[in-house]
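One chain, subunit A, appears in both complexes that follow, with subunit B as partner in the first and subunit C in the second.
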Partner chain A sequence: MSACVPLLDEVLKQAAVGQPYFDGAESAWLAQLRQGERAVLAREGLPDRHNEAWKYTSLRALAQQRFIIGDSEAGQRPVPETELHLPGVDGPRIVFVHGVFRADLSSLQEMPAGLEVTTLGQVLSTGAASLRSWMERPIADGAAAFERMNLVMATDGVSLRVKAGFHIEAPVHLLYLGIDTDAKLAWHTRAHIELQAGAELSLVEHYAGSSQSEQFATVVSEIRMHEDARLQLTQIQHATEAVTLVRHEHFHLAPRAHVGMHTIELGGALVRHEIETLLEGEGAIFDTCGLFAPQARQHVDIRLDIRHQARDTRSSATWRGIADQRGHGVFHGGIVIERGADGADARLHNKNLLLSDRAEIDTQPVLEIYADEVQAAHGATVGQINEQALFYLRSRGLPLAEARRLLMVAFCREILDGIFPQSLQEYLAERLIKHLPLSMQG
Partner chain B sequence: MSNESATRIRTKPALSGVVNEAIDRRYGAGFVTDIETDSLPPGLNEAIIRAISARKQEPEWMTEWRLQAYRHWLKMTMPDWAKLSVAPIDLQSISYYAAPKQQPKSLDEVDPKLLETFDKLGVPLHERARLAGVAVDAVFDSVSVGTTFRKDLAEVGVIFCSMSEAIREHPDLVRKYLGTVVPVGDNYFAALNSAVFSDGSFVFIPKGVRCPMELSTYFRINAGHTGQFERTMIIAEAGAYVSYLEGCTAPMRDENQLHAAVVELVVMERAEIKYSTVQNWYPGDEEGRGGIYNFVTKRGDCRGDDSKLTWTQVETGSAITWKYPSCILRGDRSIGQFYSVALTHHRQQADTGTKMIHLGKHTKSKIVSKGISAGRSSNSYRGLVKVARGAQGARNHTQCDSLLIGKQCGAHTFPYIEVKNPTATIEHEATTSKISDEQMFYCRSRGIGEEDAVSLIVDGFCRQVFRELPMEFAVEAKKLLEVSLEGAVG
Partner chain C sequence: MLQIDNLHVRVAGKDILKGLSLQVQPGEVHAVMGPNGAGKSTLANLLAGHEGYEVMAGSVRFLDRNLLELQPEERAAAGVFLAFQYPVEIPGVNNTYFLRAALNAQRKHRGEQELDSVQFLKLVREKLAILDLAPDLMNRSVNAGFSGGEKKRNEIFQMAVLEPRLAILDETDSGLDIDALKQVAEGVNRQRSADRAFIVVTHYQRLLDYIVPDFVHVLAAGRIVESGTKELAHKLEEHGYAWVAERQLEGADA
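Moving on to the complex of A and B:
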């Protein structure tokens, strides 16, 4: 570990003191787990660019920052009503402000049958064994420093469970907010989501807020899918451009479980989003679609790590990137087909638009195959708006800016089209257009 | 849209017969020539490097250059990023210099046993060389023993000699280019090579000259415990053209042998270099014992506008291959190409690919990589396509296909695409050939047996690469693959 890493020093200092986590429900095993991971974190430090997993994302600037960990006022901060709603997302709402659960902003009165929503603190105080085994899942080497940091520092989180056989119709809204404050805040939170056998859930995970002061946040989600469970997950990230956001999702899929995932990454200053999926059961299916669009000085790093471990598992990944101005987009699409995962079918495609001579795209589709009788394909492209298509539209009387906008939305259409609920599709298309600096090129 | 990188992997279960036979094929070129070698004691230090330099009667600057590389190397560690499992290499137990005792002055004086060795390998020396129309600078262990067709080449001003000779007779040329493409501290193995390189080939094609024949070097590692540290350099001046062939084969050995070669190519305005390799070094036995460690740094610098560089490789040998022939596309409108077939079986490991660095305007690159893995081998493609900020209008097309034969092998693809210029464009789409049920069914329905069909399809799978090889090499490459498939049929 290098001599001076303020970001890490603060974490280690606070973790050493020990503080009430999860509503004071700290148990002995958790304290021990955290101290152990703290020691590893202190030893390994933050990954540098010699680490393959961090080759294109430098943490040097972030590491030099000093944040105040945790917000003591998070429970009282006012949030405008408009921040709490998404069109068509009308199921139960779970709201976190700076990683702290806000019962007053959440809407959990009319709970559909079969759905259980609690905070991790509550689960811990009842001594749930499953949670312990989830949290004790081994964390990888030095590349996973933020996953480790989250385990050591998380102060709260949500536990969401759908009981066997229940289908939750209305989409559940899980909202993470960063509010404008005077201080530079850091917050860490977790989500544990379990769909029991045959359960179905539609979940909208949503990152938003108004923070103009710098913030640093980590969110780790553990998602366990039992046999025949189905999850429709929509992720919308439009945090302000003052926020550094590191997310890690860890999926476990039992036989015939199915996850369909749509991700829209618009906000953030430095965004790192890791999606790790274990297809453990025969016939499990994982589909992911996503869009990232770094503009201005945004840096967005998407990392997929999909492991086929059982027979006849399927995965597909379709991701689009648009980098403009000084935006830097990084995409790593890793697919591993392990020995014995015969009949696996894996597809990954990443297309990118590079629109400015100051922007950069680095893409890395990786295949590791240890089984035969499999089908795997990946492709990646980097290019620009098709000049002929642009010419065609202009020859039909469309102004340049309008034509560009049309083609850009068309480029993203494949991602937007599958989003659930449908009402979000137009909302997100509009947000996307606002996000892209199209007018500057018109 | 552009900068295409596409991979497809698909396999079929019904290949077990083919697999077993392919795996069981014996290494045809495994024999040891019994010649006394005059080696330096094992070990690596400044004294050894000075001794190598002294024996080769090198000028002072060359000795200093080697020492500079050595001091660089001391500060470096062996890279571990490749998907390879490498047993620790004891570099102090290697003898860094081995030369045949009799120093021949002409071909007639060459040790007949040596000629016999080349004969077994089919090196066209003597009349055979003339008949084949190929000039051969045959490297036996570390010192060049015979060079033919020098006179024919000299008439048009082409220099084709051993590196040691070039250092003695063309010191200014060597000094001007040595280490300018692969600097002494480039990487661990390149630095080691720079410190201890024994010999290699030197080719200089003067301005406007089209080399009248294909140049060829056969390397052969012979003495046990000697690492082979070849240093090859080809310079094509403005408007020059040369096609260079490199073929490798080594005798059976129980211990791992290290080979860390460096190849530097310089391509000036409108010049073209075609560099072709057929690599068939001893891959180790069924259990992975023995076999060559092949850690090679090959790089070409397209310095001039409109220059062109083509790497073609057929890699079937070596226990471990770590090799990324690269093109630095510096000149405007320069073109880089990479065609590769890599076949691994038993416990062979290959981590190979290319780097295309687009720096100049309107540069183009093309990558075609075919990986075939069988047995318990591991075969990885690792390639970098980098478009620098100023590389206006750069184009790249990459296609890498893998064929898996058997349940215990691995085929991996690690492309890196880094683009900083928004005008990078490509319109070509990747195509794939693979053993599909349809292909097999079609062949079988035409009365072709299963094994024949597989051999036919694999040949088709590699054809795109074979087509790029000079005729002599295409024959050898095809034969190499056939040998592995022949057993499968019978």
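Moving on to the complex of A and C:
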């Protein structure tokens, strides 16, 4: 690897002296796991653009930065009450500040029956074997450097479990905040989510905050869906434009498990979001809808990797991208229908809108089929705003900027309309409108 | 109210209007007829502010302003309305939301009070009744999945809500059966008033049986070659546009 990669050097240095385990809990297997992964990270380094999975996203500028790893004051930093709420999301609330769990900001007093929420530290101190098997899941090659970095560095995380047969009605709010500090911070956190057989959960995963100083964060989520479990997951990301955020989700779906997912990516300077899904059980279903909207100099890279491994599994991916100014969007929609996954059904659609000459969206649908009697459809387009529609709206009196915004929200309507809880739909439409640039030329 | 003087317009390098002049006063209904390719739709779109038209010479004044300098939304606020020949389908934009935003944008531009949702819905209900449109149309996306007749009626409905000073109807009769045509004409006739003018662009005389014009102009080869009263439309119907071409030649010879 190259000689000077400050970002990685800092990580390796700190990992060598021993990153504190979750909540300070002692664990020999975890220490060993981390040392092993640290060695791989040191050997492989960060991926460059020769790596197919990082073709459109350069890490060069990020790699040159130095961050302070972990925030010793994260447990005390004040957070305005208004940061903690989303309309209609009124179930239990779990809050992390710079990757550190904040009991004082969370709301876990009225826990619905069947729902267990703890920190990974608590799980570790009770020696739960499940944690070990989850964390020892093999990590892929050099493309997954951040997943590995997270495993080596994560200081805390949430463990969320719904017991067999329980239906959690009120949406749970999982909030990750990055707030303004004097320091350039890096933080790493994890989420382990398990829905046992027949369990149902609605979860809102939410990234927000006020950070004006640069931050670098990685979040790895492991989601295990047992037979007949149902998860409705809404992801809202509106971190400030000072934040570099790398997320990796790893879904396992047992027979007839169903994940319905809506993702809205608005914030961040450099955003990489990897969604890896294994449809392991017969009849499992994975639906993902999403929207990314890089403006200014934002770079947003979405990477789907959906693997059909069992018979009669179904997946659908419907994503929209809007790029303006110098915004750069990347969408990789990878679907593999593995040998034996006969009768699988996979659909992927990605439509994109470019609003300026300097904006860029690279979209790459990749479909590989190794099974029989499969139904699959995929398509991707990059286009411009419909000038006829724009003229029509203006001819009725709508000013240019407003007409454009209306058309952009319309473009995203299909994504917004499915969001749960419904109260978030208008909230997010408004956020989207605010997010789109104020100064738009004809 | 509207004064078009010696207008020359080029589209994609081709001369379309070649010295067109037309004067419209408040309360008048002018029909502009002509064969395909005469420049009728160019005239309609140009007045509404569509991009891509190059004005080579001449002027257009509307209520003492240079219309050609105004953006489409400024023209709308000043009182120009175009009923499109092909209304655009805009999936995802709610009809009610769009129309209220448009009306309020115009009112704001004119320094008038904006309407709240209660006032707006009252206005909508009044106007829907006039055009015999189903109220559920308002909850749908703009023109999306509308039938041809619904689209045209929706145009006239928007006109009724926006209450323009000058309404330009571009081939509003095209694609309509006789019942829909009568409904649209009835909608237009109810909106005729002493301070509102209409320019009705049409290929066929049929529409003019229901919207009876004060003046009829024949547009051919980029100019108005003949003007008259509604009898001119009947003459055209009888003789066809070839007759106009002959008259044009005679005029040129003279």
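Heads up, the rule we're going with is that the second predicted complex is superposed on the first by the 437 of 442 C-alpha atoms of A that agree within 3 Å, B and C clash if a C-alpha of one lies under 4 Å from a C-alpha of the other, contacts with A are read in each partner's own complex, and residues count from 1 in each chain.
In this section, contacts are C-beta pairs under 8 Å (C-beta built on N, C-alpha and C of every residue); 3 or more make two chains touch, one makes a residue touch a chain.
This structure is a prediction, so every number in the text was calculated from the model and none was measured.
Trainee: Looking at the overlay, what does A:Ala128 touch: subunit B (first), subunit C (second), both, or neither?
Mentor: In the superposed model, A:Ala128 contacts neither subunit B nor subunit C.
Trainee: Should A:Gln388 be classified as contacting the first partner (subunit B), the second (subunit C), both, or neither?
Mentor: second
Trainee: Can A:Leu400 be said to touch subunit B (first), subunit C (second), both, or neither?
Mentor: second
Trainee: Which partner, once the models are overlaid, touches more of subunit A's residues, subunit C or subunit B?
Mentor: Touching more of subunit A: B.
Trainee: Touch check for A:Ala170: first (subunit B), second (subunit C), both, or neither?
Mentor: The answer is neither, since A:Ala170 touches no partner chain.
Trainee: For A:Ala42 in the superposed arrangement: first (subunit B), second (subunit C), both or neither?
Mentor: neither
Trainee: On the A-aligned overlay, A:Ala410 touches which partner chain: subunit B = first, subunit C = second, or both, or neither?
Mentor: So A:Ala410 only meets subunit C here.
Trainee: Touching subunit B in one complex and subunit C in the other: list those residues of subunit A.
Mentor: 386
Trainee: Can you tell me which positions in subunit A touch subunit C when the two form their complex?
Mentor: By the definition above, subunit A touches subunit C via 386-389, 391-400, 402-403, 406-407, 409-414.
Trainee: With touch defined as at the start, can you tell me which subunit A residues reach subunit B in the complex?
Mentor: Subunit A residues touching subunit B: 52, 56, 339, 351-357, 359-384, 386.
Trainee: Give the list of subunit C residues in touch with subunit A in this complex.
Mentor: Those in contact with subunit A are residues 48-51, 71-73, 75-77, 81-82, 84, 87-88, 90-93, 98-99, 101-103, 105-106, 109, 141-142, 158, 162.
Trainee: Using the touch rule from the top, collect the residues of subunit B that touch subunit A in their complex.
Mentor: Per the stated touch rule, the residues are 1-13, 81, 83, 387, 389, 402, 404-426, 430.
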